[in-house]
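Shared chain: chain A. Partners: chain B in the first complex, chain C in the second.
What follows is the complex of A and B.
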């Protein structure tokens, strides 16, 4: 009893000044891969670091290293009294669904999947639109009339990448061939760079000279193979242009940093809303990466084409079909 | 001519994909012919891949990386020996323990050291084993048929591919033509007889494990510093188990090991190229089927439908000296 009182007193003493110093108490649960994965999770990390630097508000974090930790981690964060929790990655959807129902007063922002609960904000991306844009660049950079796609685990999300890419390529040249391969059908498909590299090489052998890799760490093998054999590659999620300057044509950016930053900032300003946020080209949620590492590979025509396609997508003249809408891709 | 170019490129990929299998299967051959079950090939290869990529990233030298990979793999092999030769523990349990520990430890250490989500930094070309052109490859490239075979298929691989191929006759020589090889085969079949002759069973098995560990280390270094340019979590992707299947399929003999690994590598290479391609008569083959084929073939062999795979007689049984 005395001990319980003591704990309460200490907790009050610790939390009181904190409550004055900051108005919200944010937290984030990263997914497998960790916050320095040079890709998805790192994008989130960059976004919330920007929030921390601007506002001085500290956040609590957890890196999931095991499938079973997701739900525990979310529950622990909710119990610890955080009022906004970012759950990173589509794999956390079931965990968010369970924990958000238990803690109706805590707000959750789920990145990359949808959970329909009154205290959950689901941020998803129109990957097909960003893939469309890199498809345009691939088609214009290709000299052989054939381009490749290496996907990770064969799931609708990756099919949406492939489908948008194909539409972009065919927007430039309807005759152009798009060779597609997936690295596998299990989660191991995300971490097999040997396979990613061999698939890229097989596509080069079949005539492709640009390969778009949307395959997590397996994609690093594809980028490496392109750099080794003197072909072009396209990175994914975060800006991967710097990995092999002169060989990575561009990267399809998924601005998860923006989504994470907005989730915290909106909570601070009281404008956070539950529901689905679908970020596309118009919201600058997806796009292409242009920096000093790939500047030499780009032509003015390429940049013009991407710009005009971007405008056309925003005002609705081009409608990029989402594979996930009815699980099919237009021929 | 198009078909010929395709064939050369498939065989080229076969060599690249078979190399780690050949090295790992030969490593398993040493362990198993001496009577020690080696299911820890996967873990040793992964540990070596991590050690090689880490060391090469820090020192900038692939050779020092290779050395580190071999050392780590040999140490794990000795640990395996300590558990199941010295302490007569269960060989499979010890091997699986090695696989599990490495799968968790390598990315954890990698994350602590490099802060890149368990990956190691991408290696520059100087820190990797890159392709070497054999003499006259350039000059002979235009010769019909033989030119492409020599300059595209045989030349241009990294040194470890040639090491793997050269290891096969070497292992065959050691196994069948040297005193060590004879004794090692004997200790896997009938350790009591070897012991009666006054030769230490324990020391022989340890030596076999050390040689196997070294070969496995080369296989791991190949994955992270030659074929790829960094270590990635779980990058062995079951190659250790596939090598074990190849070893069984080859009935624990070196030259069949080479052929089996080339077959498995060939299946892997064609799977990438045949996915979604309509073949005459057969139609499109599901990639999953081709991926499963090595295991199916091994099971068929073990079931006794095609020949018989008889393991070394004393495999998996710890040797207890009679008093």
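What follows is the complex of A and C.
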């Protein structure tokens, strides 16, 4: 009895801050890129690390290495008694669908896809809206009348980035050319900076002077190429402005860190809700990065245009078409 | 080479791989020690990961996953082994498996008006035809044009990936979803998993992806053994593999034999699609073949291109894949990259360095057999 009291006291003292009514046992299953991909998965990692630092609550994690492991990892985490599990990436949707049905008492937050179950929270992003905004900036920064896009693996998600970007460019100047390339067709396409750099260079040779890289770690090569050759680039997912100050025009932010942080924090506070959370410009889930690293590259007109487009998107005057709605992009 | 001929079989396919494996595990242990882990615990976790501990991971589930991975490695291992007998280095298992899976997927998606008993053979044929077709082009180029098969097959892996992405993203994707995946197959158009079969006759087993494809993998092993050692075609394959000029002298057409060996190899790799697409995922998706094609090379090397050896090596790789995954769960300092390092060491010792001990072991057995002969 005394021992039990002692354990409780120690537990209370260890769990900082003690304001939270109950502990939670969180877990995360990263996708194939791995948690240090400098992009999507790493955004999640940053979000949950912030949660860990603030609350002192440790989380379990697993990095998936093949298709079959996803379901296995989620089931393993659920069985281990975790009560909130973040599944990172659209590819985990079928696995979440299966495992969440088996463990109705465990909550799942799925990032980047939708599963309709009472214990699943699906967080998706309107990447097309953020890409639209960086498209505006690219078009206004371009002097040659031609801009580039380097995508990662050729999947609908990346096409949605490209499609939103193109719409943003054409909103400024319908005549402007958008050169598009993808880094590949295998998952290796996400981690090939050499190829990202080569594609950016070929786009510069064809007349583009701004390149938007939405290609995971491969995009780092595109940014490097732009910095080396004196062109402009646009980063993606997290704020990459600091990588090459003076060359990175801006970054298209996708706040997966916020989504992951909120999933854990809401669980802790008991406010976690199932259902679909669709984060766009209005919810500040996507947007452009402006900081001291790219300040010198921006013009007042550019900032005004982005601001007015942001307002127009929020109040519905501009509707950015989502490629994924019917797998096509308007011309 | 003289030593190889006189080595007892059990030494060739049993003892030497075992010694190489032990050495690989020993070196892995040192690596684990350097990064601050306990190697004994790591090996323990690897083994309980692959076979289950009965608590966190039920035995049925862990063994099921191990056997599921094993099935994949058997198919790609056989794909490499058959080509090896013909003197060809088939690096294209990855692409052949990918396209073989496409064949299975197309059958399951578009021929699902057929009943189960007909759709299974149709899927088997689909896998063999598509996988074989993907191997045929490099084989033809090698046989008739002399383009080196290593180059062409590896290029065909990339072409397969590009083709699959095109098909999945543009044509076969279920509309209105993010992930490039087809619709799920009809209920009768999938291979039942063992836990379902055993559950139906009243034996409760934890769920796992191992399915009827495992039976087909064993059939494939027997088929390859029969083909290579019990048919004239197999004899032709081995002759071309060992000495093309002698084969020509003996009236065997190397070109036709090369194409035949690659067709069978491609079909074997294609069967991976049965296991992964029809048995496990129940839908067509991207990257279900990732890594098994290349793993198959190591499996064939380790299994000495003998179907039995391939099966045992595939089992080992199944254990490493499943146990390695569990290891990464339990020991945070062992990342997934570490698991790849351990697997790589096994491949290094079993494949590249397999001749390190062979001469010594061969000399020992040679001396021993001479002694016994002298005694009699």
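Throughout what follows, the second predicted complex is superposed on the first by the 305 of 331 C-alpha atoms of A that agree within 3 Å, B and C clash if a C-alpha of one lies under 4 Å from a C-alpha of the other, contacts with A are read in each partner's own complex, and residues count from 1 in each chain.
The criterion applied here is as follows: contacts are C-beta pairs under 8 Å (C-beta built on N, C-alpha and C of every residue); 3 or more make two chains touch, one makes a residue touch a chain.
Just so it is clear, the model here is predicted, and its values are computed rather than measured.
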{"item": "Clash or fit (per the criteria above) of chain B with chain C on chain A", "value": "clash"}
{"item": "Chain B versus chain C as contact partner of A:155, first or second or both or neither", "value": "second"}
{"item": "Which superposed partner A:193 touches (first chain B, second chain C, both, neither)", "value": "first"}
{"item": "Partner chain(s) touched by A:119 [first = chain B, second = chain C, both, neither]", "value": "neither"}
{"item": "Which of chain B and chain C A:91 touches, first, second, both or neither", "value": "second"}
{"item": "Partner chain in contact with A:34 - chain B first, chain C second, else both or neither", "value": "both"}
{"item": "Which of chain B and chain C A:278 touches, first, second, both or neither", "value": "neither"}
{"item": "Chain B versus chain C as contact partner of A:326, first or second or both or neither", "value": "second"}
{"item": "First, second, both or neither for A:185, with chain B first and chain C second", "value": "both"}
{"item": "A:46 touches, of chain B and chain C: first, second, both or neither?", "value": "neither"}
{"item": "Intersection of chain A interface sets (partners chain B, chain C)", "value": "34, 65, 185"}
{"item": "Of all residues in chain B, those that touch chain A in their complex", "value": "5-6, 9, 13, 16-17, 108, 111, 115-119, 122, 130, 223, 227-230, 232-235, 237-238, 268-269, 272-273, 275-276, 288"}
{"item": "In the complex, chain A residues that touch chain B", "value": "33-39, 41-42, 65, 180-182, 185, 188, 191-195, 197-199, 201-202, 205-206, 217-218, 220-221, 224, 228, 243"}
{"item": "Chain A-touching residues of chain C, taken from the complex the two chains share", "value": "56-57, 65, 68-69, 158, 161-162, 164-166, 169-170, 173, 175-181, 209, 276, 280-281, 283, 285-288, 290-291, 321, 325, 328-329, 335-336, 339"}
{"item": "Of chain A, residues touching chain C in the complex", "value": "34, 62-63, 65-69, 72-73, 76, 79-80, 90-91, 93-94, 112-113, 124, 153-157, 159, 184-187, 324-327"}
